[in-house]
Amino acid sequence: MNILSIIIFLPIITAVILFFVRIHVNTIKIIYMIVTSIIALLTLKLYINFEQISSMQFEEIHRWISEYGINYHIGVDGVSLGIVMMNAILMPLVAIALYKQRDKRGYWINLLFVQGGIMGVALSLDLMLFYLFWEIMLLPIFLMIGFFGYGNKNFITMKFNIYTIFGSLMMLISILYIAVQYKIQFDVYTFELDKLQNLILTPTQSILVFSGFMIAFAIKIPIFPFHTWLSDTYRSAPTGAVIVMSALMAKLGAYAIWRVLFTLLDETSHEVAHYFIAVGLFGLIYFGISAMRQTHLKRMFALSSASHLSLVVVGFFIYDVYGLIGSSYLIVAHAISSAALFLMAGMLYERSKTYDIASLGGIATVAPRFSLFFAFFALSIVGVPMTAGFVAEVLIVLGAFNYNIYIGFLTATTILIAMLFMFKMISQVLYGKASKATENFEDLRMHELIALIPLALLVLAMGIFPNYFIKNIEPTAVSYTVGKKVFHHD
Amino acid sequence: MENEIVFSVLAVVAVVSAIVMISAHRPIDSALSFIVTLISVAALFGLVNATFLFVVQIIIYAGAILTLILFIIMFLNIKDENLPEEKYKNRWLLVTSILILPFSVILINLILGSDIAVNSVINENLGTIKDVGLTLFSQWILPFELVSILLLVALVGSVTLSKRKD
Amino acid sequence: MTNNILLNILLLAPLTSALLIFLLNISRRYTKQTLYTLLALSGSGLSAMIALYISYTSYFEQKLFVSNLFTWLNIGDFTIEVTLKADALSSFMLLFVAPVSFLIHIYATGYMDKDKSYGRFFTYFNLFIFFMFLLVLADNPIIMFVGWEGVGLISYLLIGFYFDDIQNTYAGNKAFIVNRVGDFGFLSALMLLFVEIGHGGFSYDAIFFNLSLIDTPMLSLIALLLFVGAMGKSAQLPLFVWLPDAMAGPTPVSALIHAATMVTAGIYMVARFAPLYNIASDVSLFIAYIGGLSALFAAIVATRQYDIKKILAYSTISQLGFMFMALGVGAYSTALFHMFTHAFFKGLLFMGAGAIIVAFGHKQDIRELRGIRRSVPTIFIMMLIGSLTISAIPPLSAFFSKDAIMGILYASDHLDLFFIALLSSLFTVFYMFRMIFVLFFSENTTEPSKNSVKSMNYPMAILTLLSVFAGMLNLPEIFGGNLMMSSWLDLADKHFVFSHANEIFLMSVNTILICFILYYAYKRYAYKDTILKESTTGLVANKFYIDALYQLIIVKPLYALSFFFDRKISHDLIDTSINSMALNYKKLGKLFAFFENGNVRFYALYMLIGLVLGFIYLFLLLKAML
Amino acid sequence: MLKAYMILSIILFSIGVIGLISRRNIIVIYMSIELLLNAVNLSLIAISGDIGNASGHVMSLMIIAIAASEAALFMSLFVVLFRKKGSLDANIFDILGNKDD
């Protein structure tokens, strides 16, 4: 069996079995750790065996519903590799950090399940399969917020789900539409991405198909104006779900732009690119400024994530090799940093029982290690040098200047945006006099350190030796830009 | 000819009493007028030589079922305040009648326009107890047995239902 | 080969000691302060020695040190190598950065003595040196930018070092944010530069080689944006606001980062890009004027400051303004020379201030520290020498450096700049001696709470010597020198014809004026309590309301905008409309729920309606068929 | 004659439907159902007589049997429901519907 299939289905199958077997939650945690560690090791093997070429690797194809040309087709290339790695690395670490806090079986089963779903989305090369995993990955999040969330969780989880399912529906319509068009033109059904590339669509058709896909991705990312589910959902969701959503699922939305839209609708993507660059830049600034007045820590992080993901969108639609690589790099970099930050926000809540920024403070005095990591990850979001975010931002800005000088200047504001809120937040949370909520703040425990240190080291390594990581993305990015018509707007 | 006169009278009685049945406020009135309908229908059975059915209709329907209804009505001791208010009864009746009108009109229209009942077979034995019995126990033996099971089930069911829970 | 290793050790020694101190500190194990001291001093001491050796060999043997570490990025044309290169300019920077850092390290061991955050302080301090070396030694602007941002980051951490008071951290935030505004310009400039000529490589040599390929407007834009970066880092108008607030950090920080090294990075950067600025002469002129305005502005503001460190901070802005004036007219090595001397005397002044602050229980207001000459005589002498130096009294070092700047301004036909410089120079004398006279020449009001620490005095003594004699390095011809430094640096200086007679005339006029102002300051402040009577209202005392203005036109609108975006647009406009869409669906559902009321006879009614409709349809169909 | 019977059957059936839908009294509703059965019986017997086959009679017989069992169940249901709710209103037996709001 192919390594990729194991990566996808081991967690899903384990989750399903665990669901039906009545065993103690501690056993479930152990099984969770074993399974995620196996996945992490397998992806490590994948990473080592990965060749620096642009084509798909570790491909696996089986007929599935051959009557309609639906295949089980998976493979990995430079773009998906990053997400797969992130998923594999984050899941066990999250468990290490959270294992004492969560004693519900469903929590862990859902996390396992969602891991498989995310792997599936990242690896599928068949649109039907892609859609299937896209939906599979939603379900556990829905359940997690509903069961383990905070606040007005029923309303919020319904809102989130209706939002995303609406998007998925639009995507399904587009998928079916192009499949039918393909049948009309080539007299056979197929959902294979590489075959559907040959489809010839009129401009109107391609715009419609494009919008269908884009709505789904835009909601997931989210880009302006599809963002209103975001801050509430992140606020109510339990830590594990937030990490999955912000660090992985939102990134999948951006990844799907590349995987689906740039593959299928290359020309249309080019034609509409400037709209999305505009929307992305607007979002970058808009979310950053919105975050300034937030008093709820997780809402602030949510908007910060949205701001950075808008930057990712800009980088993608700039559509040159720097932009693509920069955005893919930012996806990974931001995944680590935001996962760590949300994890630490969860720890903060567990200790101080509040997310209110104003009522925190003085943590640096009582919990220096916590403050160190918190400040480190917050600064890595801001993109200080020697962290991964810096590399990514430099590349995206470079791509933007390559595209158009004005776009370049607007994109370069990214180095200003995150500071607007991050520094004040750091001051208010970590510094000053200890407040009532934080005076008995416990410093990081050993297992939390074990979870955070690898992330911090990874951020540093990606910031100091980016070339080693980027080498894997580059051939794919180059294959998407070189030899294709590149529009320059001056 | 006299058959037709009798038919007309019976038909009018049946329809009128049926209308009274559905429009009467108190169930006792409905039940009494329904007996009239049933008896007229029984008579209509007799008019087409369905003598056995005539008897059965009188005995079972008018005799047993309606008596049961009347018995229940009295047993329950239903007072006026127990009855539903039915403020809009007439309006409902009117609206439903208008709604059902196309249905009836179309069916009647179809029947009038069709060519049924041209070769009526005159069979003197038809409808006698012997004839019905023979048909029942030759062609319809399985449904007959099923009906008996159904009756058994109904018996058990009604006993179970009306048993007081202690 | 050995040379490479030397460079690597130079860079990595502070990093290693920072890491070790960090690990010791974070492990929460009890560590003796001596161990920290040892580690910190060995890191910076080692690099200081190597730096001296490198400058020595670079000066006498014109040796070039290059060390190629690894490839940072390689995408298409975009190849960034992490290469350390100690050419003349870098060696010159090392010449004062490393030793001054080392001296201030020694000083800091005294200043921070018994502080509970001793280890943290030296982690940051060593890390700062690492980033500063990276900035100076980088062979391409991207890596320089890494160092550039890195020093900014450490500066942020050190300004907010005493984080118990949240205001200190706000000062740090301000510093970092304002610096980042500058970095925005810097980064944009680099990206533009890359877009224009990046395909030819991105090391300094390659950039300067291909410079002619860029058309002039773009070149000017790039030059301007680069200067925006310098503006932020070197605290020039209008991005100077962070520097006075940055004095919230411990005094060694102010001495090292906000006087001697980091703030001069802007000067270094402009000098590094000298070939570019030589072409973009309009931008150069702009730089000169910004420098002049900053010099004058800061000098004026400093005359009404009371915090001993803030006076020095404004003085730093002012001196940096001088350097930018020189850079602007194309006299790069002159500017660098002033930077060189400035590092010593400003470091000295800050150390003196720090010593006073420590001695008098963390008082910083000169109104509370009057007449302390007898309590701290050694500090008095050193501070006096420092002040005399900054006032450019011959033959102290700043006399040579500052006078060179004045001379060049005079010779460059920008008489307006010259007068600005002259005026600011006189103001400098005034505010410096206002401080000196108030501090040392009045009746005593306070007693020291702590005796001065030896480890603080020795570095100060060394710096005193250096600020007295550093001028020898670039002695002009009229004093029998041969501008050794300028010829060593070999930058693309513009040369101005300037007769010796004029030069001597200028020097004497300057010196006479300075003495006059000195006398005036003595009359006004010595043994008088004029300082207490100065009004705290008015334009100057309120720093021309610039902070308030920024608050009004940038911070407040941003928060208003944030409110508008978050509440009005996101919440009221988008979210409400989406929620109301959902609510309307709910209402529609209620409408249908009325039909679906669980009442069987209603269901019969619907069946009937369906039946009737079906009948009508069938009937019509039948009719149509017949 | 057959047509007349059929028409009468239709009219009675319609009246039964009207009663079934319009009335809220469950006893009347029950009787309306019986009326429906009777209307059907009528047409069955009429057709049976017309074609000279006794099957129609047998069917009617069975319908009557079913009506009888139905009557037995209905009566016990009346008793139970009346005891529980104290009313004969068909509208209060609506737990099929959505009542959570």
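Lettered A, B, C and D in written order, each chain numbered from 1.
In this text, contacts are C-beta pairs under 8 Å (C-beta built on N, C-alpha and C of every residue); 3 or more make two chains touch, one makes a residue touch a chain.
Note that the coordinates shown come from a computational prediction; the quantities given were computed from them, not determined experimentally.
Put simply, the chain closest to the centre of the protein, by Cα centroids, is A.
C-beta contact counts were set side by side for B-D and A-C; B-D has more. Mean C-alpha position of subunit B lies 7 Å from that of subunit D.
Taking each chain's centre as the mean of its C-alpha atoms, subunit A lies 71 Å from subunit B. Averaged C-alpha coordinates give centres for subunit A and subunit C that are 36 Å from one another. Centroid to centroid, with C-alpha atoms defining each point, subunit C and subunit D lie 95 Å apart.
For subunit C, the set of residues touching two or more other chains reads 605, 608. Chain contacts: subunit D has residues 17, 21, 23-24, 90-91 touching two or more partner chains. Among all residues of subunit B, those that touch two or more other chains are 96, 100, 103, 107. Under the touch rule stated earlier, the contacting chain pairs are A-C, B-C, B-D, C-D.
Subunit D meets subunit C in the complex at residues 17, 20-21, 23-24, 29, 90-91, 93-99, 101. If you check the complex, the residues on subunit C that touch subunit B are 605, 608-609, 611-612, 615-616, 619.
Across the complex, subunit D is touched by residues 590, 593, 596-601, 604-605, 608 of subunit C.
Contact residues of subunit D toward subunit B in the complex are 1-8, 10-12, 14-19, 21-25, 27-28, 30-32, 34-35, 38, 41-42, 45-46, 48-55, 57-58, 60-62, 64-73, 75-80, 82, 86-91. Residues 96, 99-100, 102-103, 106-107, 109-110 of subunit B are the ones that touch subunit C when the two sit in their complex.
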